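You will see subunit A twice below: alongside subunit B first, and alongside subunit C after that.
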Partner chain A sequence: MTTRRGDALAAIRYLAPAALVLAGLLGYPIYQLVLISFYDYGQEQASGGAPLTFIGTENYRRLFSDGQFWAVLGQTTAFAAVCVVGTLLVGGALAVLATRVRAVPRSLLFLAALGAWATPAVAGSTIWLFLFDADLGLVNEVLSGLGIHGMSGYSWTYDRYMAFALVAAEVIWCSFPFVMVTLYAGIRAIPAEVLEAARLDGASTWRTVRSVILPLLRPLLAVATIQSIIWDFKLFTQIYVMTGGGGVAGQNLVLNVYAYQQAFAASDYGLGSAIGVVMTVLLLVVTLFYLRALRRGGEELA
Partner chain B sequence: MRWLRRPGRAVAEVLTVVIAGVVAFPLYWMLLTALKPEGEVLAANPRPWTLAPTWENFHRVLTVSGFGRFFLNSVIVAVVVVALSLALSFLAAVALTRFRFRGRTVLLVMLLVAQMVPVEALTIPLFFVMRVVGQTVPVLGLNHLGSLVLVHLAFSLPFAIWMLRGFVAAVPVELEEAAALDGASRFRFTWQVLFPVVAPGLVATSVLSFMHAWNDFLFAKTFVTVEEVQTLPLAILVFFKPDQNDWGAIMAGSTLMTVPVLVFFVLVQRRLVSGLAGAVKG
Partner chain C sequence: MRIGRGLAAATAAVIGAVVAVGCAPVQARPDADAGDSTTGTLRVWLFDEATRAPKEAVVREAAAEFEAAHSGVRVEVQYVQVDSRAERFKAAFNDPKSAPDVAEFGNTDLAGYVAAGGFADLGADLRSWADARDITPSVLDTAKVDGRTYGVPWFVGIRALYYRTDLFEELGLRPPRTTAELVTTARRIRELRPELYGISVGGKYTYAMLPFLWAAGGDLARRDGAAWVSTVDDERARAGMSRYAELLRDDVCPPAQCAQMTGSSSVQAFAAGKSAMTIGGDFNRRAVDAGVAAGRYAVVPLPGEQEGSIAPAFAGGNLLGVLRSTQHRTLAVRFTELLAGKKYQRKMFDAMGNLPTFTDLQRAVAEGQEFQRPFVTTLTAGTRFVPATPTWAKIDAQNVLPTAVQEIATGAKPAPEATRAAAERMNAAFRS
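Right after this comes the complex of A and B.
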């Protein structure tokens, strides 16, 4: 790195445009989010018909004494956990598989994964919905063709857990490629001699994975895990599209959809913001683990 | 019969090809359904092929519902976001990798934290911000594409800067010294030397910014209520109807929405993977 005079001044000029946009459209809204959560902010306040009243932590008190909030928080966490574990297992297993085959099958796998990765969330949701459609879906057709009773006309989105499972399958489908590609690159970066030594020592594939590959990949795995947690915890589109805005009687609500409903459907912007603040704080805690994982991975930030 | 000597690998390769098929199958089904005539889409026993492929679903989507307009809206938002995000993140990445100044580490940590912010939670304050902005600058307000451009620009910047940092850092310092000896100013060096050298990285970064803007559902839904300004994700949902979903049209619309991203992805996959590996490693 060359050090010239006037670096600080030049840096300010180069950083200013991005900093302005981020301050105005990310920093300020976060401040506003916190602020709104302390106000009684309904339809009348939003349209300017009534003055704003500061109500302190009243929105939070209402939120924390609301049984549905805890239920939604619980199922958001469980759902995100299933998605994260599924994504890591599928992505990790396929990354290992990809290292054990020749170029042609590997390219086919990567091309297919690239396709799933590139599919927009809305498109992915509609495709999976159609595949699992009660009357016209291929899955029900095949399953009842196999003689499984009651599959013809079976609605996958009616039952709470089936609906969550279906959304989770779509989420894993479109998010495992990131994990697979990252871990594949990580495995490839392991020196061949290390793996050769394990082989010469007579280690089985499973033993090599567990005792050699996994420890070496730990920093990368930590990053992939935390990225997945962050993505899956704040899912919106898939749940909204596939369960029709949160499922039968709101049985498939996750925090983001719940906040959206409270704010824009029920016009309770104060409560919606409080939910947003809770989510932000939870993800911030995860982020702290992320920073620690990065540092432990021996990465220097500067 | 060479494979007989390595049965383990043969099994692994067959398995890999089968899994690739399973992963790609939903996309195949989307394209197939989009090309099927209506009678076959609604048939009780769907077949995994069609003998009478037709453009009628695409035709219906593009002409009847004004999908072309929504497609264009999505393209406008995504392209403007990509262009602005590249310019701003390139400058920021140069400052963060090439210049020494105090507070750099703090800025980097802030960038990481910014990537974690659940932007969906910001719909509420941003809705009000855009309403106010719209009162002074109408094109940037609600019900205008400008509001979508602004939010997606802000959301894609942190990751774009983070990823570009790796590409800029990979350019040898000697290049800068040589340019300085030739009397090039820092500004000229940045735009005439560094910018072209980092171009492949810019392309890889732009895919992710593009996807960010292109895929957005929530903000388009919240900020835009007039039909002419709607973007693709919402336009597809129009074909979900209480009595009978128009699956042929939904799949044709989904195909139209997926293809641009897919093409972009395939073109830059190599750069993308190396860029992501760099970004993930920090």
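Right after this comes the complex of A and C.
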């Protein structure tokens, strides 16, 4: 009994510094975020020019009664889903490819991937915009050079779905390297004996992938998926830069850009905080569901 | 399990401590009793410019004159990026210690800054300042919120119609004399020269759209007691917006290209020779002269609905104001009066081409300069302004009007529906 209590105390002592840092860097901002979401808190209030008024859940009521919020939420979910699936597919496929090719092409593949990964989001988005520029972009030049004359002067960011597709492609381009590197390491870490045993048992390649490799990769896949969901749901830079702040008449808004435009740029921090809280809760719920589903599948996060 | 419980207890203790520290969001407490010292450093914030040297030279001259007249005073000028002004000013209001004494700011930002308690009321100071009587009344109005004056207009920015003289001559056209004629002329140009935009304007170029709305007899909002009520869904305002949206069509300026264009991209298209007309300010001259359109363009006032009338222009421009938190109020006011006075406005005009805010000075500069005349004519014909309420900044940030224009232009929504949605958004902002 005493030893167990001693263990617990020791554990607390060891964890205390990390807990304090987390409480300071995460806990306090989240606490302020939640608190501000219950106030009418604009620039006047922040700089002390007007008194604070507690308005309870008024910010949330305003948010939930705004039809545009729901439209943007749905749009964000669909867009993030496409980005997550695309990132996992591209990253996974290239990870498998990397395990199958020789050292030189593999190094080239990694170099290209790391280049995409290292490019800052604003720079990457701007470069993609240049490439797809209606009048001067390389893509339109090449396409019309190939004889597709309809493409000269074609605006990639005008049509709602084309604009979303273009941004999704850019997002996948800059986020697949993480998935690729993670899964590549995972595949490499699978012991050769296990694969050999499967082969000796006469399993086909597909069967090996399904029954041996994927279950062993599951923890890594879970990390990659959760990371991607969180990243893509919170996307801001790419949409903001590539669609000029949310597209023609706001048709390409995602939740974060919507929060920025409606609340933070407009100095309505109370409403902005409410959107932030809603996003945090949504992401927590998604992540918890995902973790539970994994646990039911018989695996725990390593 | 034990460990888990211990951790939970520790976390609860930390959260409890944090809750105990403060039960309300953080808020700055501005010093109510700011001093009025007559010596020390006077801090001045001015906006940075693409080419700052001429502005800096004039300001340095003014600072030297001021320092010579006030012993023991040093003027320290800092140049602030226009793009990051919102953050800089918010920070200055939240922390008076990092705030300047005198600052240049855009007149559309004024109402928000005043509501944030950032700027001092200069009404009494202006009454005892001789120069103030000559400030153009409609321009002085842009420095007022609820009847109080919070700044001295330093220069005005007025937009007018730029057109390519060589193209107009070649195609046998004359500068349009009504808004309707503007649309048909623009269409005709694109018909004859399909590689050009008839006029380059954009869905996000609100200050080009507003003259159409005002020329049609509409307005953005009306005062209803203490509150503001949007009037953009009124029939005349809608007609004006629809007229402007007619320019954002495939036969003038295709929405695929123009729906997202802003003021500067519209002017750039004109400067690059991609359009036959644009709506630009006197401050855009340098940008146009840097492009292929240089030397082949002229400027006329933007026409109104009737022949011979001028569409009311938006009275843009910057003010000089004194921060409420200043420790050198008297010095700050004197320096503002010096830099925004006639002598230095004239010097700023010569250096930067900034239009003066004094009626007599405007006349004087228009006489010598062919280029300035249409802008001064537009200015004297009467200008308008956006509602002087801090919520205007919010409506602007929320892209309310660009969204409505884009919806009408692309056909996403018919004009009555788009303007009604815009009016609802505006009213929601006015009420907040």
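Convention: the second predicted complex is superposed on the first by the 243 of 302 C-alpha atoms of A that agree within 3 Å, B and C clash if a C-alpha of one lies under 4 Å from a C-alpha of the other, contacts with A are read in each partner's own complex, and residues count from 1 in each chain.
As a convention for this text, contacts are C-beta pairs under 8 Å (C-beta built on N, C-alpha and C of every residue); 3 or more make two chains touch, one makes a residue touch a chain.
Treat the numbers as computed from the prediction; the structure is a model and nothing was measured.
Asks: By residue count, is subunit A touched more by subunit B or by subunit C?
Replies: Larger number of subunit A residues touched: B.
Asks: Please work out whether A:195 is in contact with subunit B alone, subunit C alone, both, or neither, and reply first, second, both or neither.
Replies: Touch partners of A:195: none, neither subunit B nor subunit C.
Asks: If we overlay the two complexes on their shared chain A, which of subunit B and subunit C does A:268 touch? Say first, second, both or neither.
Replies: The second partner, subunit C, only.
Asks: Does the superposition put A:7 against subunit B (first), subunit C (second), both, or neither?
Replies: Both partners.
Asks: I'd like to know which partner A:203 touches here: subunit B for first, subunit C for second, both or neither.
Replies: In the superposed model, A:203 contacts neither subunit B nor subunit C.
Asks: Could you look at A:45 and tell me whether it touches subunit B, subunit C, both or neither (first, second, both, neither)?
Replies: A:45 contacts subunit C only, not subunit B.
Asks: Which partner does A:15 contact after superposing on A: first (subunit B), second (subunit C), both, neither?
Replies: A:15 contacts both subunit B and subunit C.
Asks: For A:30, select first, second, both or neither according to whether it touches subunit B, subunit C, the two together, or no partner.
Replies: After superposition on chain A, A:30 lies in contact with subunit B alone.
Asks: Have a look at where A:102 lands relative to subunit B and subunit C in the superposition and call it first, second, both or neither.
Replies: So A:102 only meets subunit B here.
Asks: When the two structures are overlaid on chain A, which partner does A:131 contact: first (subunit B), second (subunit C), both, or neither?
Replies: In the superposition, A:131 contacts subunit B only.
Asks: Residue by residue on subunit A, keep only those touching subunit B in one complex and subunit C in the other, then list them.
Replies: 4, 7-8, 11, 15, 19, 28, 32, 36, 46
Asks: Hey, which residues of subunit C end up touching subunit A in the complex?
Replies: 2-3, 5-7, 10-11, 14-15, 18-19, 24-30, 86, 90, 93-94, 112, 115-118, 203-204, 255-257, 259-260, 390, 393-394, 397-399, 402-403, 406-407, 410, 412, 429, 432
Asks: Which residues, counting only subunit A, touch subunit C once they are in their complex?
Replies: By the definition above, subunit A touches subunit C via 4-5, 7-9, 11-12, 15-16, 19-20, 23, 27-28, 31-32, 35-36, 39-50, 52, 134, 153-155, 157-158, 244-251, 261-262, 265-268.
Asks: Spell out the residues on subunit A that touch subunit B in their complex, using ranges where they run on.
Replies: 1-4, 7-8, 10-11, 14-15, 17-19, 21-22, 24-26, 28-30, 32-33, 36, 46, 94, 97-98, 100-102, 105-106, 108-124, 126-128, 130-131, 133, 135-138, 141, 173, 178, 181-182, 185-186, 220, 223-224, 227, 230, 233-234, 236-237, 240-241, 256, 259-260, 263-264, 269, 272-273, 275-277, 279-280, 283-284, 286-287, 290-291, 294, 297, 299, 301-302
Asks: If you look only at subunit B, which of its residues touch subunit A in the complex?
Replies: These residues of subunit B touch subunit A: 9, 12-13, 15-17, 19-21, 23-24, 26-27, 29-30, 33, 41-42, 44-46, 48, 87-89, 91-92, 94-96, 98-102, 104-105, 107-109, 112-114, 116-129, 150-151, 153-155, 157-158, 161, 173, 176-177, 180, 186, 190, 211, 214-215, 217-218, 222, 232-233, 236-237, 245, 247, 250-251, 254-255, 257-258, 261-262, 264-266, 269, 273, 276-277, 280-282.
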